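Heads up, there are several structures right after this.
Below, chain A partners chain B and then partners chain C, in two separate complexes.
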Partner chain A sequence: MTLDADSDGPTESSANADPLLAVEGLRTVFSTDKEEIHAVDGIDFDVREGETLGIVGESGSGKSVTARSIMGLVKSPGRIVDGSIRYRGEDLVGKSEDELRAYRGGDIAMIFQDPMTSLNPVYTVGNQIEEALELHQGLSGSEATDEAASLLESVNIPDARRRLGEYPHEFSGGMRQRALIAMALACDPEVLICDEPTTALDVTTQAQILELLQDVQRERDLGMIFITHDMGVIAEIADRVGVMYAGEIIERAPVERLFAKPKHPYTRGLLESIPGRNPEAARLHTIEGDVPTATEPAASCRFAPRCPKAIDGCDRVHPSAVAVDDADADSAGTDGADDGAIDGHTVSCLLYPEDRSREWRLEGHRDGDSIDATDLEGARTDGGTDETTSRGADATTSRGAGKATGDDASADTRDDATNEVIDE
Partner chain B sequence: MSRLGYLARRLLLAIPVVLFGTSLTFLIIRMGPIDPAAAIVGSPDTPSAQAQYERTREQLGLTQPLWDQYVEFMTDLLLFDLGQSWVLSPGTNTYDLILTYAPRTLWLGFWSILIAVFVGIPLGFYAGLNPNTRADYLVSFGGIVWRAMPNFWLAIILLALFAQSQQYFFGFDWSGFVVDSEVTGAYQFSDITTSEGFVREFKRVLPAALVLGSASMGNEMRIGRTAVLETINSNYVETAKAKGLSTTKIVWKHVFRNALIPLVPVITSEAFLLIGGAVLVEVVFGINGLGYLFFQAVINGDLPLVASLMYVFILVLVGVNIIQDILYTIIDPRVGLEEGSA
Partner chain C sequence: MSFQTDPRVDADESVATDPESEPLVSVENLQTYYDTGGIRSSNPVKAVDGVSFEIERGETLGLVGESGCGKTTLGRTLVRLERPTGGSVAFDGTDITTLSGEELTAWRKNAQIVFQDPDSSMNDRLTVGKIVREPLDSYDWKTPRQRRARVRELLDLVGLQPEHYYRYPHQFSGGQRQRIGIARALALNPDFVVLDEPTSALDVSVQAKILNLLEELQAELGLTYLLIAHDLSVVRHACDRIAVMYLGNIMEIGEAEQVFTEPANPYTRTLLSAIPSPDPTVDRNRIPLRGSPPSPRDPPAGCPLSTRCPMKVRPDKWDELSEDLWHALDVLQDILRERSKRADNLPTQIRRRVGLEDPTADFATIRDSVFEDVSVPESVATELDETERRLAEGGEPAALEYLRERFGSDCDAVFPDDHAVDATGRTSRCHRHREGDDESTAVDRGRFGR
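Moving on to the complex of A and B:
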């Protein structure tokens, strides 16, 4: 029973249509005496069998907290305050520590960023793999040793049997990450969360580990969540991508579409920052500034202060997800049978939908979780325009705008941004 | 294999340390202000006394060249020919003196290390597992206070409390509790194998052991707390959690063993302090142990006894160091790595 995910049970082919893991409206907040940090602020995504969801974003955008929220490993003072995490329909939010533990490893396994410190230095690699085998597959003794050896072989560690008896410090970085992958596989999971598994490794090792993860996923039909800040890695491994910024997913799309037709100014910025993608540019493009720390519920677009395309209104209205039709959207039609928002391309930006006027868009984003054309027609008439324009007038004297949103913390940066607003 | 090699290396390195320490002892004794002949016969102020003084010097071998004295001194000690006491109890073999006094100190040291380890470390680990709770604050604060109390002061206070327990503890009679025992005085080991004798001697050693172990207990608690906190936030503990292991297994398997690593040198270095601290405590509690014997020997200029005791102390320290290395190699597989590859 080496690499056979089927041995686990008969459930699998029938469940194909339903997502393995569905996250909805997840909010994780870190409360300190001084402030509340909204590390993950209402994100939705799902993962199906055999599929890789890439989550990409800068440092501090909330990627790792998302992963830890799913595992139930958010460290104090962080806690999940809202939303649901459904694994095969079962909501994990609100479950007790003991109940959550039943899901960890065997159902949802995780591979961490730093292989150098993620193995316990005082136990042999074999011991740590066999520990997982015993817990999740009930193997012990020589059976467990055999299985552990074949797992190590399957992650391309030569001389596996001897390596089992060695300690982590006798392994190189790439080997340790392989051992950690073997350990995660020993749990026989359905979903594998990889939190920047290649960040700490050198480039050649990175490529090998990516390839290994892809092989492993294919063999076992795993649902995979791959977290990284590296757009190149995303292009290689992901099927669908969610772009995270300051705790929110601001754009999601199948990977080809995201790279071909990025919609959000932030995504465009990220793509332009990949070296070599834009050979004629003399200097590499960068996005000025840092990811802000979200200390209050979102009342505006959090990217607005850094956004080169910010319009009047970005500092007052929090954008909702808009489904954007790519011109060649025929591919969406093929498997659009279930939720179009999942397979389709959505973006949370006040610039969309592009074919509507600015006021219409502001109003629409202010109102809804998702933009629906019919809703918006109605919303537009009931006096909302007045409010928008009067607020808009305030905003031209930019100082007032910062206060209007109650977001004093970043008022300074916002002032700069609004001064440069390209008013339509 | 490399770990065995590492141990062998440490054992070999211990030899020059013993030689150097013993040589230094010789140097200090011979160069120091104590004149052993005068210590035996008194100051030579009359001609007859002068003659006796010279005779004694001759007998003691002090007229020989210093180099010869050194060689004799070293070979005798290394062969455990510890000589005889000159002043304290003239003519008695030093060896016998040590055999009489040492068990008392060992008994005291054993319990003070054990109590400190078995109280300090669990408390520290508990505080580390429940950081920033009321219990943690209580333990941490208590640890600092306990550690801050000086040995000699704590000894006197505990002595007073235990000796007059009826007055302070609402009529609870410590001396008569379970078996009759006194609070002070040298230990009697003649009937230690019987349960009554064991309980009696344990009761007697308890106050002194508490005092002697107090500093180490506080240290072990604080370092244990920090070590557990550090370990529990480490990446490998997160990996273990993500694996789905139970909290019990994570704490006992993954946290404690790693948290013990920084405690090893603390425990062993406290063992050194016990030798020095024992003198004070032994005096206050009236225990005639090695510390007391050493102190008396130094004051009275009983040089062979001083030298022999120093030699014993050096051996104990080196031995404790080697025990520390053995503990390291058992707990932490990374120890000995460099030696292994060299």
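Moving on to the complex of A and C:
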């Protein structure tokens, strides 16, 4: 059980299957006169053939910017300032617009949330699919029309040939999303990025589209990145999940594992706030406050101000990813061991590893992400780094009890924690 | 921010409720049609097509359905933002469908609405205080000083700060804007509030806060809610009873838990089975619903769901047909229906009249592709030949009419009655509830497993 700074744990045991797409340390920053917004702040993940990586988060967590960064669609004032996006080993960051265009669509395709704005209203659906076919596969004329019709059929649009001649407004919402999927497939991509593809649709249509995407993926062995805010959709479609919060992936795990044993207080809060997950509860669980906008590089846990289980130190130390597969003994007997061997469960939270003292954890996390201890945000509340350290040591003893109970997410622990932080 | 459950409103603001009294809202055969009496076509959009239900005092009735099913129109009609074209809405005993002028203005204080989109439902140039005060101003409520005090009280009630009075809507997050919308709706102390998808534009953690707030307000102020939503888990959590709407009709209505645990209507079943469950280990037994809803201008002749129903009654004379063949026949009808919509315009009609367009031109291709993987018995093939002949003669409507005649059942011809389906007073519209029709046999035949 060690701290895993780069959180590349998930890939180590599956080195034989090279990821299709590997994102490492990606940072995308939007600079305005007023401030710098760190929309994506150092995230890592990879996608392999035939698997679906789910990225889940609330609005403003940076999930769409992540998708756009991969597609090279981040426009000024936004730019990728750090990190790499490797497609089959080739780094896409820093490539010219022309070079990117070869990948975009051809190798990596994307489906957007709103099918109406992604389709051009003055061209027929057929026109638009054929255009993609011409660009990426060099088909034209009746060849392109035939291929377009068979693509529409493959996404279960009946009467496809007739439909090619229709305009987007003549399609229903679900049909439009199907047409977009057909268009994305026209380029025969290896990676398909879906940015909230079903958010604008009804549940019945959503179910149809999710099923279609799963079929398409299976047939073509696509690597898929599925971005959504809907935990239900994630549970349905993803193999592995990354939970995003304020530009960072704060927890990642195979999907069953994430839902069965969420570790991060944010993930827990998010799951508990879904209505219907436990129908008996009279009130819904809520998370205090709102998702912050990251305007500075992370020097603390960004969730700490809202965290019910924040401990002394959360406001000073930026957590690094900790592997938690084998850490919790109670899961070892069930599904934990198996999943752990293939894909890791990591969490970026100062509460982990649970079996270590608080002091050890603070040190470990600090080293893990090589945070400069003199440049801490926490300094503003208590005035000095020296004091910070000594205070931290004091608190270790005083929080001993707090840690023990800290495991069950309960409101009183939260109150304790907040009070203590404020009192001190 | 956190909410206390203690009442923060004066006693005189809470509505006296009498459990033994009449339902607050009683809707009888309500119709709201749009676009009546056009020049070319006399087909109105039947957004709400004859619904009847009641809302008890202090209860929350959930209204669910796909987009375009008429749920928003129904909600707007209940607060008289739309004028119904038929039926009646008795509010506290008064029929509000005929109110006008001063009577209508006076009544409106009692019924308010919270809109779905907190961005577009408030004027960005007004301060929050002004927005919440507007209903008070337009009703000349007490003195300006008292109005301002009332607004502060309302802001506090919905969990906003007094200093928010002078801010503008764009300075707030989506959840806070929805709180402003709620404060505005409550300004005049209504009895009845229509909540039109109040949380569908919000993240789940924010949604949880708004739902909790609405629940607290209901308990404090004795409000009666109609909660319109397409998210069924929200409705299950928040509602006492649920009405499921499809194509302008209420297909099933009853106690929320009953509807969720033992849905009776095929439409409710498909709808529930489509909800993605936030549990990856759950075994999804999904009941697929083909295609998209028909146009409310031209609803099916029999059951509204007949064009998509996975449990449609099949006529006895075709008993030996396989499910795959039935599916293919359904798809063929879908295609013809879709084409008939497209062909319903003057240029196409003229081109057909003068022989420039042949509706059967690619019928053979369609037929081949639709029936590609199924074996078609001779008897069905004959019917398909005849269908083609009808198509050539009378276009798509004639062909559809023929297919309905040959392969249809009561589902295609007769509007289903409301059947009581349990002891709690739940009703469902479906021919399967008729005596002697055991719906479970349809399930066993594996139709749902497709």
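In this section, the second predicted complex is superposed on the first by the 336 of 424 C-alpha atoms of A that agree within 3 Å, B and C clash if a C-alpha of one lies under 4 Å from a C-alpha of the other, contacts with A are read in each partner's own complex, and residues count from 1 in each chain.
Methods note: a contact is a pair of C-beta atoms (placed from the backbone, for glycine too) under 8 Å apart; a residue touches a chain by one contact, two chains touch by 3 or more.
Just so we're clear, the structure is a prediction, and the values are computed from it rather than from any experiment.
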item: First, second, both or neither for A:Leu271, with chain B first and chain C second; value: second
item: Which of chain B and chain C A:Ala207 touches, first, second, both or neither; value: second
item: Chain B or chain C, by number of chain A residues touched; value: C
item: Partner chain in contact with A:Glu131 - chain B first, chain C second, else both or neither; value: first
item: First, second, both or neither for A:Arg104, with chain B first and chain C second; value: first
item: Contacts of A:Thr286 with chain B and chain C, given as first, second, both or neither; value: second
item: Which superposed partner A:Met231 touches (first chain B, second chain C, both, neither); value: second
item: Residues of chain A at both interfaces, chain B in one complex, chain C in the other; value: none
item: List of chain A residues in touch with chain C within their complex; value: 58-59, 153, 158-159, 161-162, 166, 170, 172-175, 202-208, 210-211, 229-236, 238, 255-256, 259-260, 269-271, 273-277, 279, 283-288, 290-291
item: Residue numbers on chain B that touch chain A, as the complex places them; value: 233-247, 253-254, 257-258, 261, 331-334, 337
item: Residue numbers on chain C that touch chain A, as the complex places them; value: 1-2, 66-67, 173-175, 203-209, 211-212, 215, 230-234, 236-238, 257, 270-271, 273-282, 284, 286, 288-289, 292, 331, 334-335, 338-339, 342, 362, 365-366, 369-370
item: Chain B-facing residues of chain A, complex; value: 71, 73, 75, 97, 101-106, 109-110, 112, 114, 117-124, 131-132, 135-136, 167, 169, 180, 183-184, 187
